[in-house]
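Labels A, B and C are assigned to the chains in the order they are written; within every chain, residues are numbered from 1.
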């Protein structure tokens, strides 16, 4: 008789180069899409209507790339971050072939860096995770780093290996799953007349609306992703924690901020890359999330005149509207209201 | 660089005759149907089972007409009622071809009336909205009127235009999407032995059951409809409002009352028309909703002996059971417990 | 004019041998599967991915048997347990042909036993319910017994009839819907290396994780099953009850405990039988549910070397972790933290 349950890995359990095949393949269905809409209120036309997807040259309505990301991320939790202290950052997130309802995603990870913290109690694990569909085609490929507890503080520190992380996903790595021809793209149906050409680098957009999050909502979402991190679900133990409450999975804030960004970025139909991101403060049920965005780069895509890319920073806040674009103070520290600093690349039609 | 976000229209932005194409086409899926069942608990057999729909001569399980209504209504919010003070009423709501999972709905509206209020700060906008499917066939066509703020109180009042609104949808405008042949209709499976012939004009039915609404539930439903009205979602700002709380989208009360009406009207399989309706008091999370109905008319349908129509008034209350059929006082004012007065037409098999 | 609403049956309305055809056939869709995942967080690979189901020789991802059970159970509530005091137990629960998205289930029940309680105010009703699909193939067949109020305490007591209930479903009655060939079964994807051969009778497994339940969650789930029992939904009346609160439908605890059992029983892909079970204490919103399991029997299946059966007792608790395997005291009474004692049979691959 052996111990059958999995307590999750600790910092000393990881080695650079280690490969992990994650459990529970997941078929994405129209049910997942409906729940995604119901949980965040996304209104981007491409992921809302088959007819609109067809007008953009796709066979049918694709799965929102952020939903793909959350599903793949969720699979990594039991192996990577069950004993995590904090999810520190993301980098190099590329979306590959689009996913459609009926596709099945699985995930594998490789440990690409390790650094024990000076306190000897925790360390940072750098992980490259690749999600593939049932044809083994890449759907998402990203790096995240997380602070993980050591089980045995006296375990020897591993050699420090820091991966070389890109500042942003290269234009050559952006996959454009659609093609616009002639006048097929309907800006009225999309919800805004503003296309790639209309945005300027440095432009800031307050997305205006705020959305309050309930316990049931973030738990339903996080379970949909089969993400098992204890801090999101167990009030009995969380009541004894520093915050006294369940923490909201950060992915919920990303998706909420993206949904809010529709008001100002309605034609930014598709997220093609996650360049970086951090959850700068925790969020809890009862918090109201707002968002604003800054256009960081406006990029032409090789060989394409129908669509361009915008690199965007979307900042989410809690219980503070974004009319003043809250971000960092003079000391370089994030404003206490800022909960998310998300750097990503969207695809948007050109004139 | 222009202001990219849409603040919504104010009273002075509307003109009679104005046409508005609303954003975000929406493909309805089986995921939406599952959520609709989960959010209201509807048990009508036609919209619950493909086999039952087939026994009524349909190809498969249609989308509940009220779900179609909410989805189309939701599209109009960013253009019509983002700055609304109150949704005042409905009239002339006709359901056209039934929607099935896989269909995509879009919506357009025409402003058919305007009347500035005597305070000069608000006005009433009358809107005719038409929802169509991907073949441009009408799925729903209705009028609503809403009180909207003026942005500039000193803006000149428009000429008052009041549309001619029908008291009830004409029998000739009722679409019957099913045909009953022989003994195919199973009243045991439908949940009640009472058919069209068994109801009498003036008959009142207490639907008995009550359902308490949670914040997460009404927000999940309202986001499913891509309805963006701020008052439903933002506790941070609503805490400063007169009620101090988020308001529940009235469509949730309509669907809840309809689901409760199963107990007493189980064979009223399909809503064919919305003759009128008003939300007589606001509802909030924590309220328990009850309902009762009165049969207003019993109508034969031209050329049909298999099915008839009932015009029904369903009244919903909060935190008060309906055994005494609460409605209006001697002064003609609604009882404080009444939250919905809904006048609609259902299709129900005949003996 | 007759009374159209159904108040539900009372103890004196039942007779032994009585057959009841329950209302509202229900087509199961991918939307239901997504909600089931989102509500409980189940991670068993067979019911999560079409590809994994194919690797086990099935055409596609089957519906979780417990979801089938809840849907069939829900249909019986308006006829059997609307006036129930308590749901006392289950026995002889067999799952027949698997259900797939698109299948429609209906339910019929037969009263197989009656026993008036000595107080003369209530009685126990034994019910055998059979759920079938659209081809009239059995999907689930089980017995439950429930304590029901008498409407008229002076109504004569019926002859006591106690059905002969099996202690456990016989091996010959276990349906195995899949076949494993060669090396097709991937334990890494399934989430655990432990197969049938690795479990020992008497082995206890603490499933570690805890999940807090919100009002919105249990009501959304229970409505999804079209279960109408008033105690789950109506805070207005429940506030006057002994508990002062809405009671959580016990089926939610069964599904939650099963989802938690993944950590320790990940290869137990399919529930083949419910041997017995009781809800030993009520649960309410805010409770955090934990679970542990004991292997009761390890059984070979006739003619099968690819798969075996484990009879398992899963015990769920509230607000108490299961590291000490809480169950019954020396007096034979359940620990106050125990809310579910569930005896069932799972199918699990062999080496």
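Going forward, a residue touches a chain if its C-beta (ideal position, glycine included) is under 8 Å from a C-beta of that chain, and two chains touch if they have at least 3 such contacts.
From a predicted model like this one, the values you see are computed outputs, not experimental measurements.
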Each chain counted as touching subunit A and subunit B at once: C
Inter-copy rotation, subunit A to subunit C, in degrees (Cα atoms; steps of 5): 120
Separation of subunit B from subunit C, taking each centre as the mean of its C-alpha atoms, in whole Å: 36
Per-residue multi-chain contacts in subunit C, two or more chains: 29-32, 34-35, 101, 214-217, 220
Subunit B - residues contacting subunit A, complex: 1-2, 4-7, 21, 23-27, 29-32, 34-35, 78, 101-102, 104, 106, 134, 214-217, 219-221, 223-224, 226, 228, 230, 233-237, 246
Contact footprint of subunit B on subunit A as seen in their complex: 29-35, 37-41, 43-45, 48-52, 61, 101, 188-192, 194, 198-200, 203, 205-212, 214-217, 220, 263-266, 286, 288, 319, 321
